[in-house]
Amino acid sequence: MDSAFVIEKFILVAVIFGISLVIAMYSTYAERKVAAYLQDRLGPDRAGPFGILQPLADGLKMFMKEEIIPTSSNRFLFIAGPGLALLCACIGTAVIPWGSPVLIAGKTIPLQVSDINVGVLYIFGVVSLGVYGVMIGGWASNNKYSLLSAIRAASQNISYEIAMGLSIIALLLMTNTLSLKEIVDQQHGWRWNVLYQPLGFLIFMVCSFAETNRAPFDLPECETELIGGYHTEYSSMKLGFYLFAEYINMFVSSAVMAALYWGGYNYPGMDSMAVWLGPTWAPLFGTAVFFGKICAFIFFFMWVRWTIPRFRYDQLMNLGWKGLIPLAIANIIITGVVIAIIEKF
Amino acid sequence: MENLFTQAAGVPLNHYIYLSAIIFSIGVIGVLTRRNAIVIFMSVELMLNAVNLLLTAFSVHNNDPAGQVFVFFIMALAAAEVAVGLAIIVMVYRNTKSVDINVLNRLKW
Amino acid sequence: MQAQSSSIDFLPIIFQVIVALGFVVTTLVATHFLGPKRKTSDKLETFEAGIKSVGNARQPFSIKYFVVAILFVLFDVEVIFMYPWAVNFRTLRMDGMIEMFIFMGTLLLGFIYVIKKKVLDWN
Amino acid sequence: MNIIITISITAFIVLYAGLFKANKALLPLTVVGLLTALGFTFCAWNGNAVHFGMMQTDNFALAFSGICIIGTLLIFLLTQNYFHAKSDNIAEYYTLILFALAGMIMMVSYKNMAMLFVGLEIMSVSLYILAGIRKKDFASNEASLKYFLMGAFSTGFLLFGITLIYGATGSFDLDRIQAYLVNSQVISPIFYPGVILMMIGLSFKIGAAPFHFWTPDVYEGAPTLITTFMSTVVKTAGFAAFLRLFAGALAPLHDFWVAPLMVIVCLTLFIGNVTALFQKNFKRMLAYSSISHAGYLLFSLIVLTKNSENNVLVYAAAYTFASIIAFAVLILVKQKTGSDSFESFNGLAKRNPLVALCLTVAMLSLAGIPLTAGFIGKYLMFLNVMTEYKTLLVAFAILNALVGFYYYFRVIVAVWFKDGAETELSAPVQYKVVLLVSVAITLILGIYPAIILNLI
Amino acid sequence: MEQLLLLIFLPLVGAIITAFSGKSAKIVSTVFSVVSLGLALVIACNFIPNASTQFEVNLPWIADLGINFHAGIDGISMLVVLLTNLLVPIIILSSYNHEYKNPAAFYALILFMQCGLLLVFTALDAFLFYIGWEAALIPIYFICAIWGGKDRIRINMKFFVYTIAGSLFMLMGIIYLYLQNPAHNFDIQAFYALNLDSAQQGWIFWAFFIAFAIKMPIFPFHTWQPDTYTAAPTQGTMLLSGIMLKMGIYGVIRWLLPIVPAGVHDWGQVAIVLSIIGIVYASLIAFTQKDAKRLVAYSSIAHVGLISAGIFAFNQQGMQGAMVQMLSHGINVVGLFFVLDIIFSRVKTNKIEELGGIAKVAPHLALTFLIIVLGTVALPGTNGFIGEFLLLMGVYNYGIWASAIAGLTIIFGAVYMLRMYQNVMLGETNSLTITFTDIKGTEKLVLYTICALIIVLGIYPKPVLHLTEASVQHLLEQVNQKLNTVN
């Protein structure tokens, strides 16, 4: 029984890991394609049909590049930085419920690596750890631009983390649980949280953008000021790790947003679908819906990146501290009071 | 495999105590032997974290949430300490260009 | 109210960490051997927009960043008090809400103070 | 509860008053706030209310709160122009002192160890900043950093102790811990190290040897006004906290912890007195003397009687007010001469007889001469320990008291019998008020201590 | 009872008023001291010379600690109270030829000290006694340290720490007695009634004895004394030798003997031996002194040694002798120091060798000085004779060897005193003493008063003996009775 459990979990982990890698890889491709369409050009189209093999080619290139570690850098931290960044990105998916339990070969298998009762906190923790990768990399490079960029990244991340944490509290007032699985299950059918928490979602989303260093919050990487940002000194796969981590983070963020606010694997009419498709395929369909939502978010990320100009640093900080935090607190108070009125405390 | 499983399910309380005591001791030794204010400070944090770990373990063991609430307090106040402590270290650094506590000998010990 | 998680529930997460760590380490080691190695001293210098780099990069930086870091530590940690409250919101009912609002009010007082002191003004 | 709320609200009001540049209103606001808090203290007398199972405002707590508030009030009166010359963040200092006071009130009235910790930290964190408020002054920096590192370090010990006790008893509540000690047949083996660790942690905070080494440096380096605060009010609160735990909850275990305590007491007395003897700097001498007084204060715990707590109260009151006088004079002298060595006190009697007289009374009280509060305090301590006829210990303390005479009288000698600069030393009105009030309290407690003897 | 309170606190009131009276402090303090003397005389007239304690005051003071303001006067107290109130005006008057800086403080301190002394002499509560004991010490410390001579600070510190060390151990003893007392108070009667075993009595004896011995001082606790006497201003020396020293003696009589009779029984011999060693030692040292003031200081040690030997001999004669001698010694020693002060104020030296022939230029001074010296060496017909005679008798009753040594030494004492007189007053005038002016004004008044007292008491000591007789007898009975029950 126990070994079965372990094998089952390992398979699940491997599958999810693989999927997230693939999605991340193809996000890079998608990014270029989206950019190309938005800018009315073609984008990558040489490797394979429509350039579909482009990510693989990129990966290969990364692998084969020369590895450079500057002499003045701190060697150990220089390597640890990108490794940590990617690691943190990769373990974030562990608590996301991908779908309701699915019946395979007479066994009900939950489509979630682990349903822990502090899932939301786990996500926050892992996301916060990510900043270490950036900070360590920037510091270890011993390059002024890298360091400045790393510091910027760090202050940006931490600034928005407060607002993010606060925005989720309003949600928790409604859900009363920190387990992602339960939160998703509560949004059965149409009862998506975004309908009750539009403001909270907005704050959360803005913060997600900032947390993933995506445009318009990509100041740490803004080439015009800081060469290449914190990964200026990086080459080969270590640079790949940073880039990759960013896309995986984007994927995780999208998944979290979809799960917390957009119902996860719930969709209208899912009850009748469940009857129709049976216990094996209905959950898988839900998972597909979930991935659809995730993809929509990823697209949204890209869309924003290629439409909205980058913030100035002071604008970014002002937005975070003076805009989002008070807004989030107001949101908590409103939510609390409304619930108190409705439920007659 | 099964062994791993049962062990993961029930780590005896004693092990938590030993672990915490070891971490705590490492922190104490760090404070006493290191000369860099930041490292000392980190050692202090290590001590606090040993405490947090142990409190949580006791809390679960006793099935009493008070211990975990206490951890919250420790974390919050440790954060306040961090804020103030780092500010002090920065202040000292700006005046002395060093965070080595050996330069702090203008007042004799 | 909600199920207690035991240490078993965290086991799969460790699995995932192992898998991710394995992936990271393997890839790092692999690229280390795969790539060409033609090192020159110019290449190994830090790159600062093509200009010769001056001095050590690890210099004191603007205190603003530092203040932000400190404020983050404070506010983020205060936020953790809200999680248990939020999770138990319906059990604590009115009393809990009033108490937490007082707490948030105090926090806000500090926040307003910080803003008034122009700590968060970037110029 | 009202007391803490009042003080905290005052702190916020003062902070915001400072924000809106109302520097003139700071002191009046603070004084009004503190007087209100003092009023609440009196109102709550004999109430013995328990607040949410976390704090208990019994008479013990109220009496110590009263001393702390009055002491702080006096120190606030000394702030006249003290901060103004050096910085424009005056409101912050006021606020920090008030926060520290709020922390202290928690420390003296805790019923749950969480409140002990929270109070202690609120107080300590405020003090770390206050010790370093002279940003450009190296001594202040150093004092701040040392205080901070040592404070945080000791907090670690305290917390580990609390944790172990919690592990053994399953509660942070003092009453339940005591019930555990009384009722259970076997006391968990982790309880004992817990007690020792807590003792170490608290000894750090109150500056008892061998955990005292930070005290002189910090006291010397910190701005004098803050030193005044730290060595008087803060110390008193620390002792109250110590007492509440050891004389209250852990009293059934007295046989166990009395041995280490005895070592601490003897070391503290000896080191404090002997080192104070060799100091050339008045401020530093006061620092060491405060260590030695820590020894006397702990003396009361060696034998636990029903009067132990009250004895500490009397002693702490005596010590607090005498020290406030000493420091107030030090501030005056230092502002005039720029030095805090003994020499700068030479001929003070000619320069300002009133101040000299007040300082003399303070020194006599600290030395424990009859008709001052200090004597009553020492007497009660000796009396307490004598109830179990620990004559050797008392004899040891007496020898130390004799050493104490030497260095306290050095001040008196400098003030009265040595010739110094003939420049007039004028004391501002507020200082005069503080000095006279403190002297009055010292003498009244010395001549008619009955008013404070049965407080608790 | 009002009378007693008035007696005790009148000097305190005087001290406070004097402190604020500025330049006229001298007059104000004189007035107060004289009024106090008058009051003391009134009380003495109303005093019925029997064993009872009269004018008793018993007010609760610190009720929680069993401390009462319990004071009263019996024969022994009456004597020392009279002595105190007599000497204080004399001492104040004797200061008239000095211009002390900051006189208000000086006279206020003297009066303050008087209050402390009166507390000591009337206290019937151990705690009150202790308070008075210390309260008398502080002013004298300041008097000596502010207005004293060279090296005064170090010397005074020594004096102060010495005495306070003793008194702290006494405090320990008092606390012990308090704890032993089932009534938990400090009342002297309760202390008398305690039944302690001999080991307890032994250490309490030492705790008290050392405090008293330092004050008196008895060899080997005397080392502070000559320096302090020399360094102190004359009035300070007078206070120390004339009154303060009696605190120790009084303490032994009032507190040591009745409370720990067995302790005295066991250790009294040691005390006597120490006293006699003190007599011999001090006399020998005195013999070699070149400074008249130091010589008097050492002679004072010798005299006190005899008094304490008489007390520890523990019989009626010894005790009565001690009583008379306390009074006479107080008067004589004040007189001696005053004369030396007059000489010093004229010629700025007290070195015996440098003086001489003063009698020729200052006959009044020479006469009075002679009377005082004779009183000191116990010539029959002077006050010293009665006391020393009774004391020697008492010691003789205790042990013949002791009285032999003591007696011989007293004769020895006569030699050095007279030699000193001879060298100072007689012979040829030298360049220093030729300009010496005789006493006048208050000097005359004071010295003649002292001489009159010396002679009157020497010829008619009956009132003094009568005053104390009943009380002494009562004390002896009480102690002996208690001693019998213990053994």
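Order of writing sets the chain letters: A, B, C, D and E. Residues in each chain are counted from 1.
Keep this in mind: a residue touches a chain if its C-beta (ideal position, glycine included) is under 8 Å from a C-beta of that chain, and two chains touch if they have at least 3 such contacts.
Protein names from UniProt, one per chain: A = NADH-quinone oxidoreductase subunit H; B = NADH-quinone oxidoreductase subunit K; C = NADH-quinone oxidoreductase subunit A; D = NADH-quinone oxidoreductase subunit N; E = NADH-quinone oxidoreductase subunit M.
All of these numbers come straight from a predicted model, not from anything done at the bench.
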* Structure fact -> Those chains that touch chain E and also touch chain D are none
* If you take the mean of the Cα atoms for each chain, which one ends up farthest from chain D? -> A
* Which chain has its C-alpha centre closest to the mean of all protein C-alpha atoms shown? -> D
* Structure fact -> The chain pair with the larger count of contacting C-beta pairs, comparing A-C against C-D, is A-C
* Farthest from chain B by Cα centre, which chain is it? Let me know. => E
* To do: Express in whole angstrom the distance between the two chain centres, defined as the mean CA positions of chain B and chain E.
  => 67
* How big is the gap, in whole Å, between where the Cα atoms of chain C centre and where those of chain E centre? -> 82
* Structure fact -> The distance between the C-alpha centres of chain A and chain E, rounded to whole Å, is 95
* For chain A paired with chain D, centre-to-centre distance based on mean C-alpha positions, whole Å -> 53
* Which parts of chain C, given as residue numbers and ranges, touch two or more other chains? -> 11, 69, 76
* Residues within chain E bordering two or more other chains -> none
* To do: Indicate the residues of chain A shared as contacts by at least two other chains.
  => 6
* **chain B residues within the chain D interface of the complex** => 13, 17, 20, 24, 27-28, 31, 37, 40-41, 44, 47-48, 50-51, 54-55, 58, 61-62, 64, 66-67, 69-70, 73-74, 77, 80-81, 84-85, 87-89, 91-92, 95-96, 101, 104, 106-109
* Structure fact -> In the complex, the residues of chain A that touch chain C are 6, 9-10, 12-14, 16-17, 62-73, 79, 83, 86-87, 90-91, 93-95, 113-118, 121-122, 139, 141-148, 151-152, 154-155, 158-159, 161-162, 165-166, 169, 172-173, 176-179, 182, 227, 232-233, 236-238, 241, 313-314, 317-318, 321-322, 325-326, 329, 332-333, 336, 339-340, 343, 345
* Asked: Of all residues in chain C, which touch chain A in the complex?
  -> 1-5, 9-13, 15-17, 19-21, 23-25, 27-28, 30-32, 34-39, 41, 43-49, 53, 56-59, 61, 65, 68-69, 72, 75-76, 79, 82-83, 86-90, 93-94, 97, 100-101, 104, 108, 111, 115, 120-123
* Asked: Where on chain D does chain C make contact in their complex?
  -> 12, 15-16, 19
* Which of the residues in chain D come into contact with chain B in the complex? -> 114, 117-118, 121-122, 125, 128-129, 132, 135-136, 138-139, 141-146, 148-149, 152-153, 155-157, 159-160, 162-164, 166-167, 170-172, 190, 213, 216-217, 220-221
